[in-house]
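Next come two complexes, and both contain chain A; in the first it sits with chain B, in the second with chain C.
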Partner chain A sequence: MREKRWTIWMTLSVIVALLWTLVPMYWTLKYAFETHSEIAAFPPLIFPPNPQVAAFFNIFGHDYTLASGQVVKGSGQAQQIMLGLRNSLIVAIVVTIITTLVVVPLSYVYARLEFRFKTALLMAVLLSVSLPPVSTLIPFYSLYVQLDLVGTLTGLIIITLTITIPIVTWMLIGFFRNLPPIENLARIDGFSKAYTFIRIIVPMAWSGILVAAVIAFLFSWNEYVYAQVLVTGSRAVTLPAAMSGFLFQVPNPEHLAASLTISLLPPFFIAFFLQRHIVEMNLSDPVR
Partner chain B sequence: MARIELINLEKVFGEQHAVRALDLEIADGELLVLLGPSGCGKSTTMNMIAGLLPPTSGSIVFGDREVTDESPYQRNVAMVFQSSLLYPHLTARQNIQMSLKRSGLSKSDVSQRVTEAATTVDVAHLLDKMPGQLSGGERQRVATAKAIVRQPACFLLDEPLAALDAALRMTLRSELVNLQKRLNTTMVFVTHDQVEAMTMGDRIGVMRNGGLEQIGTPNDIYNNPESLFVAGFVGSPPMNFFAGDIETVDGQPTFVNAFARFRLADAYGQLAPRSGVTLTVRPQFMRIVSEAGEGTVPLTVYAIEHLGNESVLIADAPDGSKVRAVVAAGFEAKIGQALHASFDPSNAGLFDTKTERRVAQ
Partner chain C sequence: MSNLQFALLVTVPVLCFLVIVVAYPLGYALWVSFHEVSFFGGYSTEWVGLDNYVAVLEDGDFWRSALLSVRFTVESVIFTMLIGLGLALILRDLRGRWVWLRAILILPWAVSPYGTGILFAFLGRGQSGIGTAFISLFGSEETINLIAANIVVEYLALGNAWNLAPLLAFFLLASMMTTPSRLYDLAAIDQINRFEVFLHVTLPPLRFTFFVFTCIITVLSLKQFDYIFTETQGGPGNASSVLTYQLYKISFVNLELGLGAAMSFYLLFLILAVTLGLYFFWGRREARNA
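Here is the complex of A and B:
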């Protein structure tokens, strides 16, 4: 009897959680496939009556002729969106590569080796994890003005790394701590520390490193606050900053919705292709 | 092949003296078991022999060569770690090959040696499996193959059987002893299981608080423990202890306490009266009698454990301490029943309660 009630509550809360996340996403998706007037209809339509892909053409600057013969004009924001897409990809990939290259050895050293001032340095990492990103924005901005880094991809990459590196380091430290004492085995076999790390630890820790890379990528892909301040309107604009431009224009919800849909694609593909890995990525028990 | 000598070895971790003033000589081809409770410094000692941990002071000699500053690889030791650690991302074959990676042997020599080692421990059919796909016993055998493929100066095994079930441990421990005798390679085996130590060791070194409490053959350790600690740690069921004093009764040294008096064996003929001694008797030497008499202890039955071929009677002495006696399989007694036990004084040991050392005969 009790268990039954428990199951009902669990099902119910899962449904609520699903609706909570999926309904807004569905609404965005629906907008992307509707025309201006369909979006404006009241009461709102649950399904787009004639789904069409005009908005996806428009945001890349192309006009689109509807079945009715009506021509929908390309968006004036198209330049920004295309730049944003390109820049976002560049920033996210560079950030992912640098974060992974730095964080894997760094967190390994923190987790597995003893050295002086280790605790103090660990606290420094924790501190940078706990700082709200906005709090570093003003000092970074004035620094960037002097270094001429405002409105550059380099500047954005550097500031994004200041977030991803500490967070991912903190995550991976726990992962490396839980590896078995494999270094002793390697020393008996006569391997150097460097060989052990590159040829034994890294292959063993593959799943953890993958998680680290995914987190760095997603964080960078979704990053909005820094981009808004540092690169909006410049040639270094990223997708989130470019999309926010729609908010300040003649209201064109289907364009905003279409670009949001595109920005959801990389996370979606990551989740889709790595779903088996993500389920298996057990950070607390790295090797089974 | 090597004789191993530890000279005044010490290891200090911060405030903690993990190993203190350890002197130990292990003969060539000997199987020495290091036995002791958790945290007594067995692994620390082992890691220092392996070269994984630098000693704080003291030296380590292999044969005639001082190796204190050499790396594990230079010492040519093979080690099997707790729960038979293997590289989890490599197959059994690759795991074994890793031991020969730096040997400079040709590919065909390596593969021949790997096959030989795998055949020796009967894992040739498992070579292409990952460690995660192997059972605990198979993993242990693969780890052993990895150890022997090097043809090392000595084998160091740190509780390799700890995570396995009882039946498997029994099989594997006889396999290990058999292998060690066939290869005639020095082996140091760490365990906290006294049965494992007794059944495997040529000699047993009992450790306590970082020091060597006693070292000797299993017979020595069992029959002539030098301290109360060794007496209590080795043997199953565990040793019985009686606290009391020595008095002279009728011109004979006699053990006396509130509820019992035992005349000591003739070997103690000259012993002067003294206070604060502990008398030890193995449960195997306790005899249950129904009548009180000369040299008996009154007991109240607490429990009977049936082992099939015999049973263990557990009873309370009047001072509340537990007394165990091995009795015949058919032995019946009710819980709470009053009984008496006696023993042949020549089977009792006598220790100073304060120093915990054996009282000289």
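Here is the complex of A and C:
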């Protein structure tokens, strides 16, 4: 009896959690399947009455003929959107690789080893997280003008790394602390520190490392403020900066919703992949 | 190789990179904060000493937005912790053929702050929002505006939590998985009830994760800009004009760069003070216990 009651509560909480998760996304993304007048309807429509995919053709520059024969024109922003997709992918992949390589040993050291100046050194690494982008934008811009880095992917990658490295380090420290105390055993066996780290810790912490990579990817893929100032309108424009045209220059909800939908696809695939991984995330606890 | 040497080996290159990239902008901002920059009649700067810093403190809007920032941050942290813990417990118990639902529950984390702002703007506005759509089902012609001056900060914090909670939930889940299952077996032998199991077995290993994420969410919320920019533009009126937004207005709209730079240092001090405070009053204890 008790078990049965539990299942009902569990089902209810899962339903609430699903609604909480999906409704905010659904509410705006449905605009991608509506026409201008359907979006403006009052009271707002809960379901698109005649779902169609014109907006997805439009943002890539193609006209689309609705079932009613009405032609919806392609968007003038199409070139920026396509460039943005490509550049965002390049920046995110490069940032992910560099961040992961740097952050995994770094957070391991601060989570597991005792040494002098530990707190001071860690604070120094984490300090750059606390810099608000709005206050370093103008200085960064003037620095980049002098270095000729405005409108380049390299410039954007450098800035993004100053955000991802400290914050991912910070998140991973907690993860490494929870690993079982394997180093002592390794030391008894006479392994060196580097060997212990590469051959024992890394394989054990594999899932944490994947998570680190995903977080770095998302921070980079989603970065907007610096991109808006440093690369908008250039060949190095990224997707969030390209999308903002639909929000501010020519407000156009269905195009905004369509490009937002597309910008969500890569992270969604990653989230799905990650979820499959949690299932296997059974840390090999030698004590267990 | 000693521990310190190993630590320096991995830390020093990263530190050098960060210092080189961040030092110039920080120094430049510091220089600007002691000057008055004007664009009329050509670009010119004039040394004004601490005038900008004094002017910020005498500005009523600064204190107003500082208070809004704190309110937004505290609420974001509380909402994220509660929702994150709830999600983590649900994720943990989703087993067998329901496991794929986990992928859906962690989706909001993949949405950018920028995108979250757009989503919650359309969701909350009186004209297009879900509140209006919902009551119209019952035949009402009213509009329900969630982005109203008196509740806008709470609404923003809720959206922020929507975005951040799955990340926390994910890390909580990872920590839960490291709890040896024999502890649960022991609890079953002791016949303690579900709430006690949660309190004494599930929760303790999560405390360090809670500490780390309280810090991370505090910092992210205090420096949050894009989310608020796309959702409310500091409005309605200036009801959600938090420090970062005020900073943006002063530096990029009013072009008072000196004043903006001085204000950004107050924001930086606020962020550092809060994180250091959290570390000394909470983190050190957790680090010792672990």
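Here, the second predicted complex is superposed on the first by the 241 of 288 C-alpha atoms of A that agree within 3 Å, B and C clash if a C-alpha of one lies under 4 Å from a C-alpha of the other, contacts with A are read in each partner's own complex, and residues count from 1 in each chain.
Everything that follows uses one rule, which is that a residue touches a chain if its C-beta (ideal position, glycine included) is under 8 Å from a C-beta of that chain, and two chains touch if they have at least 3 such contacts.
Bear in mind that the values here come from a model prediction, so they are computed numbers and not experimental data.
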{"item": "Superposed model, chain A: greater residue contact from chain B or chain C", "value": "C"}
{"item": "Which of chain B and chain C A:162 touches, first, second, both or neither", "value": "second"}
{"item": "Which superposed partner A:268 touches (first chain B, second chain C, both, neither)", "value": "second"}
{"item": "First (chain B), second (chain C), both or neither touched by A:120", "value": "neither"}
{"item": "Which of chain B and chain C A:181 touches, first, second, both or neither", "value": "first"}
{"item": "Partner chain in contact with A:253 - chain B first, chain C second, else both or neither", "value": "second"}
{"item": "Partner chain in contact with A:189 - chain B first, chain C second, else both or neither", "value": "first"}
{"item": "Overlapping contact positions on chain A, where the chain C interface meets the chain B interface", "value": "180, 287-288"}
{"item": "Chain A contact footprint on chain B (complex, rising order)", "value": "47, 50-52, 71-73, 77-79, 81, 85-89, 98-99, 101-102, 132"}
{"item": "Chain B contact footprint on chain A (complex, rising order)", "value": "180-182, 184-185, 187-191, 200, 203-204, 206, 287-288"}
{"item": "Complex contact set, residues of chain A against chain C", "value": "10, 13-14, 17-18, 20-25, 27-28, 31, 39, 42-46, 102, 105-106, 109-110, 113-118, 121, 124-125, 127-140, 142-143, 158-159, 161-162, 165-167, 170-171, 173-175, 177-180, 192-194, 207-208, 211, 215, 218, 221-225, 240, 244, 247, 253, 256, 260, 263-264, 267-268, 270-272, 274-276, 278-279, 281-283, 285, 287-288"}
{"item": "Footprint of chain A on chain C - complex, ascending", "value": "1-4, 6-7, 10-11, 14-15, 17-18, 21-22, 24-29, 32, 83, 86-87, 90-91, 93-94, 98-116, 118-120, 122-123, 127-130, 132-133, 136-137, 141, 159, 162, 166-167, 170-171, 173-175, 177-178, 180-182, 205, 208-209, 212, 215-216, 219, 222-223, 225-226, 230, 244, 247-248, 251, 257, 260-261, 263-265, 267-268, 271-272, 275, 290"}
